[in-house]
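The following pair of complexes shares a single chain, chain A, combined with chain B in the former and chain C in the latter.
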Partner chain A sequence: MATIGAAMSAEFMMEEALAPQAPVNRRRPRFRTWRLIVMLLAGAYFLLPIYAGLKFALENDAGHFSFFAVKALPTEPGFGAAFWLSMRLSLVTVVLSMVLMVPTTIYVHLRLPKVRRVVEFITILPIVIPPIILITGVLGSYPLWLKASPYLLSLVYVILAMPFVYRSLDAGLSSIDLKTLVEASRSLGGSWFATMRRVILPNLRPALLSAMVLSLALVLGEFTMASLDLWETIPVWIVNFQQQDGHVTVAASMLGLIGSWVLLTLIVSLDRSQSRRSLRKTGGL
Partner chain B sequence: MPNYVTDVTDPGTSLPGSVTSAPRHSPTLRKLRRAGVPALAMTPFFLYTILGLGIPTITVVDLAFRTSSGKFTLANLHAATTGVYRLGFENSIKMAVLTSVIPGILGVILAYAIQTGRSGVMRRLVATASGVLANFGGVNLTFMFIAAYGSQGIITLWLHAIGINPYSHGLRLPTFWGVSFVYMYFQIPLMVLVITPALSGLRPSWREAAQNMGASSWRYWRHVGIPVLLPSILGGMLLLFGSSFAAYATAEALTGGIIALAPIQIGDLVNGNVISGQQNLGYAIGFGMLVVLAVTMILYGLVRRRASKWLR
Partner chain C sequence: MTQMKETSMTDSSITAGTTKGAQVELDQLVRTYGQVRALDGFSLSIAPGEFVALLGPSGCGKTTVLRVLAGFEQPDSGRVLVDGNDISDVSAQKRDMGMVFQSYSLFPNMSVINNVMFGLRMRHQGRSDSRSKAGQLLELVELSDQSTKYPHQLSGGQQQRVALARALAIEPRVLLLDEPLSALDAKVRAELRDQIRSLQQRLAITTVFVTHDQEEALSMADRVCVMSSGHIEQTATPAVLYARPTTAFVAQFVGISSRVPVETSGNEVVVFGQRCPIRTGEALSGSGHNDALLRPEDFGIDIDPNGKGFVTHKSFLGAITRLIVQVGEISVRVDVRSDQGADIELGTHVTPKVIARDVLVAPRVAAAPVEPL
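What follows is the complex of A and B.
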């Protein structure tokens, strides 16, 4: 669902930064009116719910400004457990997905450029196959001992995160001259481990960071799989708790949204600076 | 190619006595090693995707055609395409069409307004905002909308204050139209993301050429702009269709599962609200969804190829 957006955004940012500067417009003024109307309507549609959500979260039942919902949140029954479960799942997912994808992507870039197409295709599949179908398939085929563990979710989240993780890493690796760097390091006597740790990974830092943040945001917001696997992560808790107190539920949602907005804005601007760097490099060659 | 040519190019076999950096292995072992290392390096990835992606998908397809005792049957598929489950598919497709065509058009207009605007700050701001907002389906978005447009929502109360009661006209959030309204919040930014590269591919010289030949703005769009953009727009809409068709979390959180949509019905069946003898019905619905999505993606591939004809 929303997953396509993340995968698109990384690619789009690169394209946008690499595209030649848009030509200077010589528009006639009559176009300004419709543009103004479009922007106003879009602004209203996108900003009003944010305003309403914030206002609702910072209000008590009498309609006065109050922080009670935010303050009450950590002590609400079940929230603490849900929070820790989400944290553990996201940690395991991020670590597992890095351990799996970083060496694979680097190896494909260095040694198996022919396989790149195949890997690209496979990593796009989790976007095409809906999470609801994936989780029913998982529940229908996996052994019971695995289904009894919450970390099954982490295993599947690694798959869900693959499109973003692969695309971030792929974009990052394409923007550096990997082959030259590796050859230089190897010819100076660096072992493979030293080359990875001291040459490749530092150069990949922005891509690694954006891959990690995207998978983190994904795990923290994922509802479909967690609810069908009957584990109460934060989003599942929010839905289950909604009957109790609307203000607390909205406060939790808004905190989640703001957190993800901040994280994603961060990586979108990171992507931008990364692509600008690669642009400068190609321009200088 | 004759065998000895490859042997000659292989330094190990052509110069058996020479000093090479590689340890001394027989040629076959070396060849094995040459193929073996890449295979070994790719094993974790392929193994993981087979276990995590391949097996679950095959399971869904397989169980769709089996009775609960494991015999082959078409009864699940029949049940999935009749009655209330047929309605679920129809609603899902209707909603997906609605929330891909309308946000598709609005997204193009918005992207064009930004693209032709002179403000670079605005363009960057909207690009960042789209990248962020396109990722927000799900539970958090749902509750933000409930705070705004729910029965006690802030905007609903504003409308009450000026004498409009949307709820008395049936315009409520937990309905087909309400869910569609919420979906647009991530669908429009997604379309902006998808279409902006295509819009920046519209060359100003085309417009100038049309103007030089006396074409009005309308004629330029009618004969140049729209035909060039159309494949990209259709491609974007197909992506939106897939995104909306597969969405579960938003609809489930918003309606509590009372709305008849295919993903929601799968969720209900998996959650154990099953009628006996229909355990595998959920898989049959899943199989149906996979078919719809596969068709969507094939169409997308065709449209993509067409789109690259003029743009880039």
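What follows is the complex of A and C.
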């Protein structure tokens, strides 16, 4: 969420900053050249690996264009199981993360605004602590029956996703006048449940969506934990299968990438319609 | 406005009687936030159907009173009685109080009609009943044509009218308005002020209106309760409050009074060499060094080349012209009729004369400079 938001606003800022300069700035052609160079460099940095990946995924061993890797992917040994495991882990992680984080964040916003800084600090810890330390600790301290289950990973993923989930929800809650909306609903006779379901959650939709997609992306891309916990999720499978057929594993990565893009585009467009709405709202003040 | 009141009286099905005003009793409310005593023994009794304005400077505890009444805050001590029943243990959800907030509070995800229907749906009323009731209320606030719009498509004034309709839809026992007009521009504010007042009278609903704008309070309310630092300074009808403030705070906050240092003796006081009776029935009169509190209209002036005062500021306010007259160290505001004030120039020598029947006297405070008009 944080990164998406920042990228968007940077883009807006650029449009806004550049537009009014046009008639005034005589050195504009030079700026334009520089801008073009920077953009080309940045574009190359991001796009070349993807291009290379796509090209490799769509080639056969002889170097000719072919869909064989994409077609072969679903039937490769272990892929189905890995895919299914990743899906289950995603679902459990996303549900658990929402069930824990949504009420917590709302409660902090409503009742404990003073501890927001503290909570923010706590939620950032999973980024600061290296995953290898986290998983060693978890494996050393959790009961055996839990360690035998792949869903231990989901518990760990909820922690890893916390920085992103908290930040999405926090931003979403800050963008609405939560206290007033809740009080309006309560004074009109709304129960806490009705207030949550009909007032808070609908106004938090983009934030919820981005929180969910970000935890999903995390589960689908996480390697260290899964590999140390000896479960073959998609990323672990990709690494393991690489020795057998590089084309197929790259095809798997590319499909994952495209899937994430589609999801991210979806939230950004939802986010935009939301921010346009709130812009107009404040414009009315 | 009166015309609108009469026509709607006859053609709307929502009139006095469907909503009965409740009697409200606030008894010795205390609410502290750390060191701040937001409410410091606040007691107020409100008659059924009465419109009371809470007036006071920012931070004096007005919002806290409303929030305690609505059930959003628990007082540290004191009781809230509605129709004789202590409602301290009743949650906000069950209190049946309609609240209009200072900030825009419409649910952004719902259309106007759904916003107004919300409270009815929460009371498990049928969809079609709720819809027709909500429609009537939108008619009442003259927004029927906006019912399918979303809050962000409305102006500020329209949003507050929808919020009012939404609060009224539940036929609340008490209507609570927390500075609902403060975010609006002057023209809309004046219109909405009239609209709220006429609706309130028509529905005979007990109403507490919070404002820091004295003009708003005086023009709308049956009674005005002036607050400072969590307690009541004076509660009275607008006319009495203006004409007979009982404390220096009220005198200075409601209308603008100039302070003139005076010596009091017995029940008389000398203002600029003129003997005036001290207003009776007040707590703060006393002998010795005091201040007289005088409103601009309490003074008249004589144009007098030998006068001790001279005019330092002059501003045209329509029917009247307001002057600041400096007499020695003291500045006072004086209102004159504009036709008589036309040829008074800055620097004109004048003598201010007290034309009020009697004057309010308060203990002396260090002279505060009179700000330009």
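Rule of thumb we're sticking to: the second predicted complex is superposed on the first by the 236 of 285 C-alpha atoms of A that agree within 3 Å, B and C clash if a C-alpha of one lies under 4 Å from a C-alpha of the other, contacts with A are read in each partner's own complex, and residues count from 1 in each chain.
Rule of thumb we're sticking to: a contact is a pair of C-beta atoms (placed from the backbone, for glycine too) under 8 Å apart; a residue touches a chain by one contact, two chains touch by 3 or more.
Note that the coordinates shown come from a computational prediction; the quantities given were computed from them, not determined experimentally.
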Does chain B (first) or chain C (second) touch A:S175, or do both, or does neither? neither
Chosen between chain B and chain C, the partner touching more chain A residues is B
Considering only the touch criterion stated at the top, classify A:T93 as touching first (chain B), second (chain C), both, or neither. neither
In the overlaid three-chain picture, which partner chain does A:G189 touch, first (chain B) or second (chain C), both, or neither? second
What is the contact status of A:V138 with respect to chain B (first) and chain C (second): first, second, both, or neither? first
Determine, under the contact definition given at the top, whether A:S215 touches first (chain B), second (chain C), both, or neither. neither
Answer with first, second, both or neither: which of chain B and chain C does A:P202 touch in the superposed model? second
Over in the complex, which chain C residues touch chain A? Could you list them? 70-72, 91-99, 101, 103-109, 118-119, 122-123, 150-156, 159, 163, 166-167, 170, 183
Over in the complex, which chain A residues touch chain B? Could you list them? 1-6, 8-9, 12-13, 15-16, 19, 22-23, 25, 27, 31, 34-35, 38-39, 42, 45-46, 48-53, 55-57, 100-101, 103-104, 107-108, 111-112, 115, 119, 122, 125-126, 128-141, 155-156, 158-159, 162, 217, 221-224, 227-228, 235, 238-239, 242, 246, 249-250, 252-254, 256-257, 260-261, 264-265, 268-269
Report the residues of chain B in contact with chain A in the complex, numbered from low to high. 38, 41-42, 44-45, 48-49, 52-53, 55-60, 63, 109-110, 113, 115-118, 127-149, 152-155, 184-186, 188-190, 193-194, 196-197, 200, 204, 239, 242-250, 252-253, 263, 266-267, 270-271, 282-283, 286, 289-290, 293-294, 297
Chain C partner contacts - residues on chain A that touch it in the complex: 176-177, 180-181, 183-191, 194, 198-199, 202-203, 277-278, 280-281, 284-285
